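Given below, in the form of structure tokens, are the structures.
Both complexes shown next keep chain A, but they swap its partner, so chain B is in the first and chain C is in the second.
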Partner chain A sequence: MTKYIIRRFLVFIPMLLAISAITYVMMVLLPGDPVTALIDPFSMQEGISQEYIDKQKERYGLNKPIPVRYVIWLGQLARGNFGYSFMTGLPVIEMIVGRLIPTLQLTFTALILGTVGGIVLGVVAALRQYSYYDYFLSFISLIGIAIPTFFLALIALFLVVLKVPLFPSHGWTSELGVYNLWDNIYHLMLPAFILSIELLATSTRFARTAMLEVMSSDYVTTARAKGLSEFWVIGRHAFRNALLPLITISTMRLPILFGGALVIEQMFAWPGMGLFAVRAMVNADYPVLMGVAFITALIVLVSNLLADILYAVVDPRIRTGD
Partner chain B sequence: MPSRLVKGIWLGLVLTALSAVALACSTETEIVEVIKEVPVEVQVVKEVPVEKIVTQEVVKTVEVAGETVVVQKDVPVYVTVPKDRIVEVVKEVKEIVEVEKEVIKVVEVERAREEKVLKLRYKEAINHLNPFRSTSRPHGWAWNLMYSQLIFKDDIAGQWSPDLAERWEAAEDATSYTFYLRKGAKWHDGVEVTADDVVWTYNTALNPAINPRPQPLALIKGAQAVIDGTATTAEGIVKVDDYTVRFDQEFANALFYDKCCSLVIAPKHILGDVAEADFEAHPFHTSASIGSGPFMLDTAFVADVGWGVKANPDYFLGAPLLDRVTFEFIEPRDALFVAMQRGEIHGSTYPTLTSEMYQALIADPRFNVIGIQGSIMRSFMFHNEFEPAADFRVRQAFLHALDRRALIDAFWQGNGTPINTPFQNPAWCDCAEWDARYEYNPDKAKELLDAAGYDYDTVIHNKTYYVDRGDFFAAIQQMLAVVGIKMETVLQQGPAWVEDYYNKSDFELVFAGFGAPSDPSGWLDSQMSTAAQNGGRYGNEELEALIQAGKKGRTVAERAVPYRAIAEDFIDRMPFLPVFRQNEWWFKNNRWYQPVLDQAGAATSFATIEILPVFQGGAWNKYHPEQWDLKPIAQ
Partner chain C sequence: MAESDSAQVSGTGAIEPDDNSKQSELAQSLTVKRTSTTAWARFRRHKLAMSGFALLSAYLLSAVFAPLIAPQDPNFIDLNIIKQPPSTEHWLGTDRVGRDVFARLLYAGRVSLTVGVAAAAISAAIGTVMGVVSGYIGGWTDDLLQRFTEIIMTFPSLFAVIILVGITGPSVWNIIFVLGGLGWTGTVRLVRGQVLSLREMDYSTAARALGASDRRLMFRHILPGVMPYVAVVATLMVAGAILTEAALSFLGFGVKIPTATWGNMMQQAQRLYVLRDMPWLWIPPGFVITTTVIAVNFIGDGMRDALDPRTRID
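Up next is the complex of A and B:
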């Protein structure tokens, strides 16, 4: 197992290099650059001096060829330096760390809500197959899959923020710069729930299918024939085996959750990586964009590795290599 | 068993859901201002005259403070005398009760004052608070609250008003301007603001490596040398004494106030020694900004999250009424609208909402919508080298093809007036006649196109940064299609548009919002001058000479000569196609008292939105922020 994990980590290196190279090329090919991003097209009363533009381009190294710029960036990264934001002049890693916590808080809460909730509901639906519960849950989960996250966010803003003011409309906390855990959790609840809905719905469907499949397998019939109580049959024999595909789904959803977080963070002004990345893209802030892409890729790769490890924990056959 | 399991799971779910609802409900769910009644224990120490009780059994004469008191046996006598008059305590006195101080505990009920926090939303890309790199509206808000200028455009008085300079004067021949700074004005760290700060700020602002927009300051004598890098200070910026600064001009002009006085003064004692290369990355621009304005940086600036300022009790015009102002980054209009309705946000630094949202705010007595006199021209501009539109009759036809009134009514809530010239000043514009000239007339448009030999197969590509106005451009395309002009719109993000328009001059047609100042020199400098980007490539030697001549006019009449020549050329040749001039509609919660906006009456419909005048394109949000207030919620 240890060898397996080390091997997987080594595979990460070329993967990260490839991801960073592709991201870099795509990014610099976008129209606009950080210097022109400094000019607000609306307030164009006074001209920007060409000298300033040229000097700034030279300062940011934008006058060098793209491959040279990429190699310089890579060299700095190897030394642990993610560079400095073109827009703020602050170290990128410092800015990312500040944004990573809200994003991880949002995505992992959504992941847990979606996975645990989905499994519970899916198992219930499977055990009550063709009952009203089953039909109701199937209907609700189909709606959850079909409706886009941004639309759900809009509905939630209208219903439970504006009409019935149960939740705050935006932000990480009520007071800018003042952190309070309970206030933070209060602000987290709605965006995390909205973000989790799609995963919740998908997990429910998958859990139901997996559970139904397992319930009709021979070893479950054997377990029942042995006279085991239904609780043990379901809990120990059926549920554990049904978990395998669900682990795959949940961990593979993590990158999608990161993508969904981008929309949710915008809608609820949640100060996370998604919002940060969008603004960096609009401002053509390359060091920040590269930093965000790199960290996100790393998180996704690590989560895939975690999925494999979890597989081994749940299924002993994988551990022993059967 | 399964049924028990299922019930158990359901029970768990229900309990979880109930807990979540309880948690949600336990927190304040609606914004209610709470006036706390706080018992305050006040210890009042009351000084009372000393009471001396003297009891004696024998008749005796006692000297008390020079007075003779006769007492008889068994007849107690009580004498009250001030303590300081007692000169002797006699031995015969058996009992002396002395009360010197009486402590009374008073419990008073006081109305504790709730902190006044004005919450504003911003949405534009703002990444620093560098006073020399102001590029968008939120910067203006930061400067107005935290910094001071020499003088500011006072929209209520309709004139320049004192800020750091308590008085100022222009030389009779308009070749120099002198500013007298108020004494006692301090930076937020307590250091006094002096002429050294002003001189350093203006010289630094001329350095193009630090300030991307030094050109307006080129009016100052010797400024161009600093801009060109051949000098480090301009000879025309003169410190007369610690509280007086004189600006000698390159040539006599009347534009100095307008072009130069909006610069915020920065602290030399903090930034003066920072190397040019380190300037932009200096923490001053994010977490350590220090100004001399009514508010001080409170919550360090975090790009796209927010920042906050707190009252400066030592502000030279008096301590602000508000305790704090916070700026929170909210991008979607829907979220902003909900936050406004919830009272979580009191206003916005960017005033665009949908028609429905404006209507909802107008209908709600908690809010008001206020118009600020038209300062934006929504306009097209053809590239001068775009061959299919090289004939000016094509440009005229373009405007004849557009039903601008219908477009304004359908897509801009009726908020706008069609205009044909950017020179909206009667001194150099026959505005009534000119603005009526290119009326909606598709037949006339076709005639002009035919006369110009227009190639109807041409597809004109229109680049714009109005990414959320696709419906507006679709309608324009349909109107143009009626007369045979094919247009496609390319929606671009701001930086991409700026690069194509300003840097590369790579476009056929652009649509943008341009400022509409009363004096056009700034607009001409940035859009048409060959000394600047000259994005549309219309600038030429002849036009440049007129632009420079306009700057040198000392009076309106003198400036009118070159400006009128430019305006007459523009109204015929139409290198710039204004579609309409627009008033900006601001909205705010009525709890927020803002002296300029609060002059407007309550709007009851789009038609009754009051339009407030501005002074020379002044910024209403610069008007005495120390007077802004947050009224209590009506009970």
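Up next is the complex of A and C:
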């Protein structure tokens, strides 16, 4: 077990480096550079000399070759310095930290809602195969997979916010700066539910298929033949085996959830990293954008690592054989 | 295409041709009604797939023949008739600058469907080549390609698309290349898995024994065996690409107005009064995106069932 975790960690480090390199290359490739971004537009009228630009580039270390700049950047990154925003001049990391919690709250609520909800709905559908409930659920999950998140959000805003005001239209809490847990959860409910729909539909379908497959396998028949009650047959024998792969499937969807959160945060003015990143993109504030990209990739990477370890804990075949 | 696929599928099996005909004779004598065996015939009997096929064909045709069907130019601005609800003259009403929504919907289909199909084709091509090479060669090449795939999978998909489109500029072809260039990860894994099993099959050994080179084995013997699977994932990827393009354009980072896409037509609904008072502006494109994706998924599922001889279609 320890050996497995160590081996998994050894893969983690080069991947982290690769991600930092890709992030850096994207930052270099994006149009515009910090020197021209920092020039006061009014002084442009008098004309900026190439000499001045060269001097500024030297001052910020931008005259060095890209690999050297990458190593310097990486060194700073390791110390927790993500650079400074072009727009505000504040350290990127300080700006991100405050927005991390709303995003994690939104995505992980959706992740849990989608996975757990999908398991419950799918297992019940499998146990009542070919019932009206089963057909209805298949139909709903077809739509759930196909509908764009933003269209669903528009429908929800139209129906349960504008027509029948059941939920708040935007924000993390009712009053800026005043935190109240219940108020926060009330604001979270609608956006998290909408974000979870695609995963909910996918995992419902998966849980149904997996459960049906396991229910017709020999060892379930054996368990029944031993005289076990249906509760134990399903709960102890079928359920556990059928749903193991969902751990991987759900964590694999985390990058997609972060992408979806980008849209949802924009639509519900949810003050997370997605909303922040969209603004940074519009303002060409690249250090902020790269900070967000790196942090989200890091969260995904760590989640994959945890999922793999969790999988090895619950499924002995993973750690022993290879 | 489907018929040649089915020939390749049976060709990859370890069963000898003689056995196969004996089995089908046996099957015929056992079943009263003779069932067709080609993939295309099986696909045609798949009701959901055929209804998806019909709907998608209708959308495709209406996009291709948009100039004939559309009542007016999609970009024609008439400030006298702004924000009009659906009427007999403007079937889906007009937008904030008096453009006909129905005409825009038809023309938007051209962009959105092109992006979906072209991006999926690029992804499928990259994924297939990488999957075949990775699975066939194995060793450190395989390790390297697999780690690279994992890294690409780690980046939040929509996020990476937004940044890369920001680098390349939001033209239709740039969006196609970005979506195609990022969407191949699932295909690599699937193709690699299939190649690993096909590589060990008797017919591969036979070809190797006859002196076939690695390249010939990879592309003449193994590639045809994985093509049916690629066809299925490529179809399903069309749906994914359409959804990503729609989200990108909805956020305003995609194809720029006045060129209409299904996603950027819905961008206006980010304004509260449009959302509340002008549902004809955002419900039709949303409906068309959703039904297109459902249709594409049905076709993909139908292809999978048609190509898998174990699945019963009735």
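What we mean here is this: the second predicted complex is superposed on the first by the 278 of 322 C-alpha atoms of A that agree within 3 Å, B and C clash if a C-alpha of one lies under 4 Å from a C-alpha of the other, contacts with A are read in each partner's own complex, and residues count from 1 in each chain.
Everything that follows uses one rule, which is that contacts are C-beta pairs under 8 Å (C-beta built on N, C-alpha and C of every residue); 3 or more make two chains touch, one makes a residue touch a chain.
The structure presented is a predicted model; accordingly, all values stated were derived computationally and were not measured.
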Quick check on the superposed pair: does A:G80 touch chain B, chain C, both, or neither? Answer first, second, both or neither. neither
A:P148 contacts which: chain B (first), chain C (second), both, neither? second
Once the shared chain is lined up, is A:A297 touching chain B (first), chain C (second), both, or neither of them? second
Applying the document's definition of touching, compare chain B and chain C: which contacts more of chain A? B
In the overlay, answer first, second, both or neither for which of chain B and chain C A:L157 touches. both
Does the superposition put A:P31 against chain B (first), chain C (second), both, or neither? both
Where does A:P65 make contact in the superposed view: on chain B (first), on chain C (second), on both, or on neither? neither
Mind working out whether A:G259 is in touch with chain B, chain C, both or neither, as first, second, both or neither? second
I'd like to know which partner A:V11 touches here: chain B for first, chain C for second, both or neither. second
Is A:E230 contacted by the first partner chain B, the second partner chain C, both or neither? first
Where chain A meets both chain C and chain B, residue numbers: 30-31, 154, 157-158, 162, 266-267, 282
Quick check: in the complex, which residue numbers of chain B touch chain A? 1-2, 4-6, 9-10, 12-13, 20-21, 23-25, 27, 29-30, 117, 124-125, 127-128, 133, 135-137, 208-209, 211-216, 227, 229, 277, 280-282, 285-286, 298-300, 302-308, 326-332, 334-335, 338-339, 341-342, 344, 465, 492-503, 512-515, 517, 522-523, 525-527, 529, 532-533
Going by the contact rule set out above, which residues of chain A touch chain C in the complex? 11, 14-15, 18-19, 22, 26, 29-31, 142-143, 145-151, 154-155, 157-158, 162, 252, 255-256, 258-260, 262-263, 266-267, 277-278, 281-282, 289, 292-293, 296-297, 300-301, 304
Flag every residue of chain C that touches chain A in the complex, lowest number first. 147-148, 150-151, 153-160, 162-164, 166-167, 239, 243, 246-247, 250-253, 263, 266, 269-270, 272, 275-276, 279, 282, 286, 289-291, 293-294, 297
Once bound in the complex, which stretches of chain A touch chain B? 30-34, 36-53, 55-56, 59, 84-85, 87-90, 95, 98, 120, 123-124, 127-128, 133, 154, 157-158, 161-162, 165-171, 175-177, 182-183, 185-186, 189, 229-231, 234, 266-269, 271, 275-276, 279, 282-285
